[in-house]
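The structure follows.
Think of it as A, B, C, D and E in the order they're written, each chain with its own count starting at 1.
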Amino acid sequence: MILNYSQPLEVTNLTSWLDSTLRGSLSEFWVLLIEFVIVGALLLAAYAVIALILIYAERKITAFFQARFGPNRVGKWGLLQSVADMIKILLKEIVKINRSDRFLFFAAPFFMIVASMLTFGAIPFGKALHAIDFNIGVLYVTAVSSLGIIGVLLAGWSSNNKYSMIGAMRSGAQFVSYELSAGFALMTIVVLAGTMQFSTMIEGQRYCWNIFNGHISSMIAFVIYLISGHAETNRGPFDLPEAESELTAGYHTEYSGLQFGFYYLAEYLNMFIIASIATTVFLGGYLPIQVKGWVDFNGIMDYIPSYVWFFGKTAVLIFLSLWVRWSFPRLRIDQLLNLEWKYLLPINLVNIVLMVILVLTGLTLTDLLPGIF
Amino acid sequence: MSSLSLFLTVFLTGIILVVAGLGIAILLAPQSFNLQKGEPYECGIPTHGTSWMQFKAGYYLYAILYLMFDVEAIFLFPWATIVRSLGVQGLYSIMFFIVILGLGLAYAWKKGVLKWS
Amino acid sequence: MRIDQRNKKTFDIYNIMENIKKLILNTVPTAVIEEKQKLTVTVTFDKLHLLAKTLKENAALPFDFLVKLIGVDRGEELGVNYLLCSSTDLSKELVLKTGTTDRENPLLYSITDLFETAQYNEREVFALLGIRFINNPDMRKFFLNADWVGYPLRKDYDANPELNPLSLESVDMIDIAPRITENEKGELVEDTVNIFGEDDYIINIGPQHPSTHGVMHFRTALDGEIVKKIDVHSGYIHRGIEKLSESLTYPQILHFTDRLDYLSANINRHGLCMAVEKAAEIEVPERAQYIRTIMDELNRIDSHLLAWACQTNDLGATTAFIYGMREREIILDIFEKTCGGRLIINQNVVGGVMFDIYNEFQKDVKSFIIYMRDKLKEYDRFFSHNVIALGRMVTIGVLSKEDAINYAVTGPAGRGSGWSCDIRKHIPYALYDKVDFKEIIRTEGDSYARYLNRLDEIEESLHIIEQLIDNVPEGDICAKVKPIIRLPEGEYYSRVEACRGEFGVFIESRGDKFPYRLKFRSPSMALVSAMPLICQNEKVSDFIGIGGSMDYVIPDIDR
Amino acid sequence: MELKNVNIKGIPTAEFNDNEYLENYIKELEANGVNVVLSKIDELINWGRSNSVWPLIYATSCCGIEFMATAAAHHDIARFGMEVTRNSPRQADLMIVAGTMVHKMAPLIKRVYDQMAEPKYVVAMGACAISGGPFINSYHVVPGVDQIIPVDVYIPGCPPRPESLFYGLMQLQRKIKVEQFLGNKQR
Amino acid sequence: MRSIAKYFSGLFIGISSLLKGMSVTWRELWTKKVTQQYPENRDTLVISDRFRCELVMPHDENNEHACTACGICQMNCPNGTIVVTSQMIETEDGKKKKILDTHQWDLGMCTFCNLCVITCPSDAIKFENTYENAVFTRSKLVQKINHEGSKLREKKKEVKPVEAKPVVEAKPVVEKKAVEEVKPEEPKAE
């Protein structure tokens, strides 16, 4: 409780106050219902706002990488650019495609959005800003995020368009590959942390983030996770299903208006999700930088709200992802599979064993230097 | 608040987002009709046949390998959570498992399965 | 010493050409040999194939490079001129002429089995003049739709728009090609071939596609990700420049050349100006030659930069694309200040150049050279050794030297296959015999060789400009030219090294101020004709990447 | 709504060409009686639409290269929020016809235009697209793309320099801004 | 063993090449941007004087131009962009004289090849670099470039031309005198 007062900007205060007031006047059922609605509304808002910010940020950062300015005519520094885009895309005609598989064509965006939303809900944005906290959190995230690929596959298949079809087939190849690496990389950290629940995992990193705790092994896992996560989002050098210069627009060639908008949205959200899972698992999530024994320093760090820490770390990873994306040419399908099966997967397998050895022989930093970490 | 009901909340939120968005779009967006609009886009040329033809996916062997490893991953996750408490015993028992799979991958590699054809 | 050598060389050429004459007369005793601007041999149509074959297989000096194939309506006769030259020495040229007087159903023998590059050229001649070629495996019209009425390049073509009304209706593509073959008994058989198999997975790449570099249409049969067969369709920007030119004066025609291959606008224009100047015997002032050469090389850098940018973009690296375009903008600025145009610069005119260089030209160009050298190093770090890029270029789309000659692939692509085919070295024009530069040749023949060739050629061009920029002499920028240029009767050829390879101009004049027949040899046509060969069994992504490395410009092909 | 309220950053309304066209357009709308509330919402929607015009480049020749220069760093079409070039007509708002249209191409451009999702606009870039340009007398050239599809803005030049293209695109933004969106299902 | 060494060296060379590429983009991130912001920089934007965007007929303060309505520009135009209409009037001293009625020029068709300007015997027309020409209606592009009520400048004024040559350093390629001589026999080129 004392901690809470020292952090006036945390939302924990707000939620506990809200909960107690509601419980004071309403029955259990209504309290839950209202709280669920609030959770849903907040998620929805966060989802949309984050996507808009990301779209703006990507366009701006891309521009800076490419020696230009990017959007700067709508609002100050072009800040409202993605709002304009949203209005436009919301009011664009949705074209009905002949000879497509109507049901799947319609359902594919649902998969895309729902999958990213479910993963999004499991992300701990800050203290008490955490909707779903399963005890099998890591496994859940791996499972649910892979649903998004089904959206891509279905979209490509149902459009009855050859570009889309090739795009879908490529996304299949990509899916069977990078799903594994991402899972194994997370598993390496599960070995280290000994839990799959995000909240426990974060608490365990209070003085030593996992990426430092497991040093070599963690670093390797971190890089592999970033690569394969990047690949899973169909972005950057891994945008084969979309492949603008080859397949015109890839799997979403036939999607127009908001249906396309959902793909556009989900692409950015997935990028955010990958970055935030990496933050949570490797970089201590929403925890501030803390050093054992430095009470004053820790106190100051605590003053910065937890969600600021979380978004800060995530932003760094997103920047990294953009940097990679705008530096490299696209991989070819066999290069993509080679990278996974000849490099990432074998390294990953060795890495897990290495991590187990580190953990069992007490070579992790927390075991080696318990006084400092 | 149980996890399951929260899960459902999030799930419904996703559905609502899509449904509401599409609803607004369908209600407000202008529409036009012409004969060519619904045809597949293929660089402006009428497409040849249907695209649902037999399609050679060159990566089916990868898919089989993927199945193998994905099943392994399911076994490994529970093990990974309690590896500390299992101790060296746990490492030995699962090493056997990993090594066999690793050998499988090495064999496939050697056989040239990991070469796109 | 030097003079002696030159004399010896001319003597050798004389000797060799005498031998060739003997060879021709031995093979076809009825051949008529004329000494015009080029050695011209006229034969009847049934002897042409034999003669071409003999010339190609002549071991001492094989005439194995079909530069261009020109269909001409000679009035009574519909004829074809073949400009052949030797791949070992491009300055040894020979024109074969043949024709048929049957205007209703003109038939000639195809030489596609000897020169692969002839296939598309013969189809073009069929579309524009109506001559069908026996033994050509695919006798569809190349530029025009199959139902086009009339043959535009014939002098009696009826241009009434009602015959060929504008149709907006999409029609399905028909993949059946008619052909005429001669069987063993010497009978002509007309039949059709199916281009694709029954259940091929056919996908259209182009015309409205981000990376076909314009409106090329590749009808591609896929086997999964692998390209099985490509069928090239063209004519989506066929503007009939050659027909239009027949009713325009020479200065007026000049503005078309800029719009052929708009990326080597200045060089194309240089080519046509040279042809006219040669025919009208106009001496170009020294200063104009300097300006022309410098502008040509700037144009080459501009084009290669764009080619580099587009190739990287085709491989998926958008940032590299933007960098390339950024450097290009400086050249465009120089163009703009000199000629008042960015892309279409209208600089060369018959007799010299239209605009003199501006005061700060030298300063601007020199600072650009320094800047560009620095950027070339950056490109090298950024893209040339990138492991992904290497995987997508090395050993991809290999074009052997024999194929390069057979398909007449010139320019950086031909030189990437180990074929020395730089016109600037073989038949120097303007100031290229006075400057020192290397012909960049690589033997690998893959996408990467073509890629590196372009970057190296930028460096060579910078080197050429460096030698010229400080020595631009004072004087006129344009010779005195009669306001109405009439070329004496005859056939005139000129060849220049454009950014994509050899650009050729053929003018047949009948003493009028309009050309009787004007034909451009487009380097891009040869590049595209080689695409089905080198893309076979490559993946779709590589097909796009190879297209980027070949760097064709479609309006150049379609004309 | 009045024309003087249609602002484009950087250029005063009075300095634009062809203001009469927009004035006539507004007059026509007012004659139909426009709801005040709806027109306010319309203004917001049109603000969004005009600032997020995603082009499909129907580039056939030289003008396409000039568009590429426009998209590159020195001119940067991204400043207008238009760098999101869509290669699929389903997702594009604007078709920039850059280059000559010939008979063989005419059915294709019509088809691609037909497949675009509403609301859609067409810009004719360069002399060839406007009128056939240098090749107007040719047997195979369509004299102007407006013979095939309706054109909203004509940008003359051969090819137009990037600033000219920007100017044309701003003209299009102005046109979008005065349009009535709600209650106008068929364009 | 060699294949294993190759495997690892390949891995490291690959990674280092990727990092090198990223270092280039990183440096570009901080370099000065080359973008010029067009509508905002309208006042400072310099377009080369020689840039050809619009054909104009310079008129002096008395609303006089130098066009003699000879029609050479129309003849030289490759695609018929220029249409010169003239009328015959009688001057005070009773001579018949051809004067310019309209000089119509189609901006939407012009290819800016500069032939009209360099062949004009009286320097009556020139290209200007005004690039803001986009319109909504096609017919607006067909312009009459001589002003309303303008007339031909008197000969004696021509000794000192009011207007400078369109392009300062550019020299006319075709001798103007020669053009005038051959003028009568020139048929219309189409």
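The criterion applied here is as follows: a residue touches a chain if its C-beta (ideal position, glycine included) is under 8 Å from a C-beta of that chain, and two chains touch if they have at least 3 such contacts.
It should be emphasised that the depicted structure is a prediction, and the values quoted were computed from it without experimental measurement.
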Touching chain B and also chain D, the following chains = A, C
Query = If you average the Cα atoms per chain, which one ends up farthest from chain D?
reply = B
Task = Among all other chains, pick the one whose mean CA position is farthest from the mean CA position of chain C.
result = A
Interface with more contacting C-beta pairs, comparing A-E to A-D = A-D
Request  = Let me have the rounded angstrom distance from the C-alpha centre of chain A over to the C-alpha centre of chain B, please.
outcome  = 16
Remark   = chain C to chain D, mean C-alpha position gap in Å, rounds to 35
Note = Expressed in whole Å, how far the mean CA point of chain D lies from that of chain E is 24
Inquiry  = Measuring centre to centre with CA averages, how many angstrom lie between chain B and chain E?
reply    = 58
Remark   = Among chain E residues, those touching two or more other chains are 18, 21, 24-25, 28, 33-35, 37, 47, 51, 78, 111-112, 190
Shared-contact residues (touching 2 or more other chains) in chain D = 9, 72-74, 76, 79, 87-88, 90, 108-112, 115, 118-119, 134-135, 137, 158, 161, 181
Remark   = Within chain A, the set of residues that touch 2 or more other chains is 65-69, 72, 91-95, 162-163, 169, 244, 248, 253-254, 257, 326-328, 333-334, 342
Query = Name the touching chain pairs, please: which are they?
reply = A-B, A-C, A-D, A-E, B-C, B-D, C-D, C-E, D-E
Inquiry  = Could you list, by residue number, the parts of chain B that touch chain C in their complex?
reply    = 36, 42-49, 53-58
Task = Provide the residue numbers of chain A that touch chain C in the complex, in ascending order.
result = 65-68, 162-163, 166, 169-170, 237, 239-240, 243-248, 326-335
Chain A contact footprint on chain D (complex, rising order) = 9, 44-45, 47-49, 51-54, 72-73, 76, 78-81, 83-84, 86-88, 90-91, 93, 115, 117-119, 181
Ask   = What does chain B use to touch chain A in their complex?
value = 1, 3, 5-7, 9-18, 21-22, 24-26, 28-32, 37-43, 47, 50-52, 55, 57-59, 62-63, 65-66, 69-70, 73, 76-77, 80-85, 87-88, 90-91, 94-95, 98, 101-102, 105, 109, 114-116
Query = Where on chain C does chain B make contact in their complex?
reply = 170-173, 199, 201-209, 217, 223-226
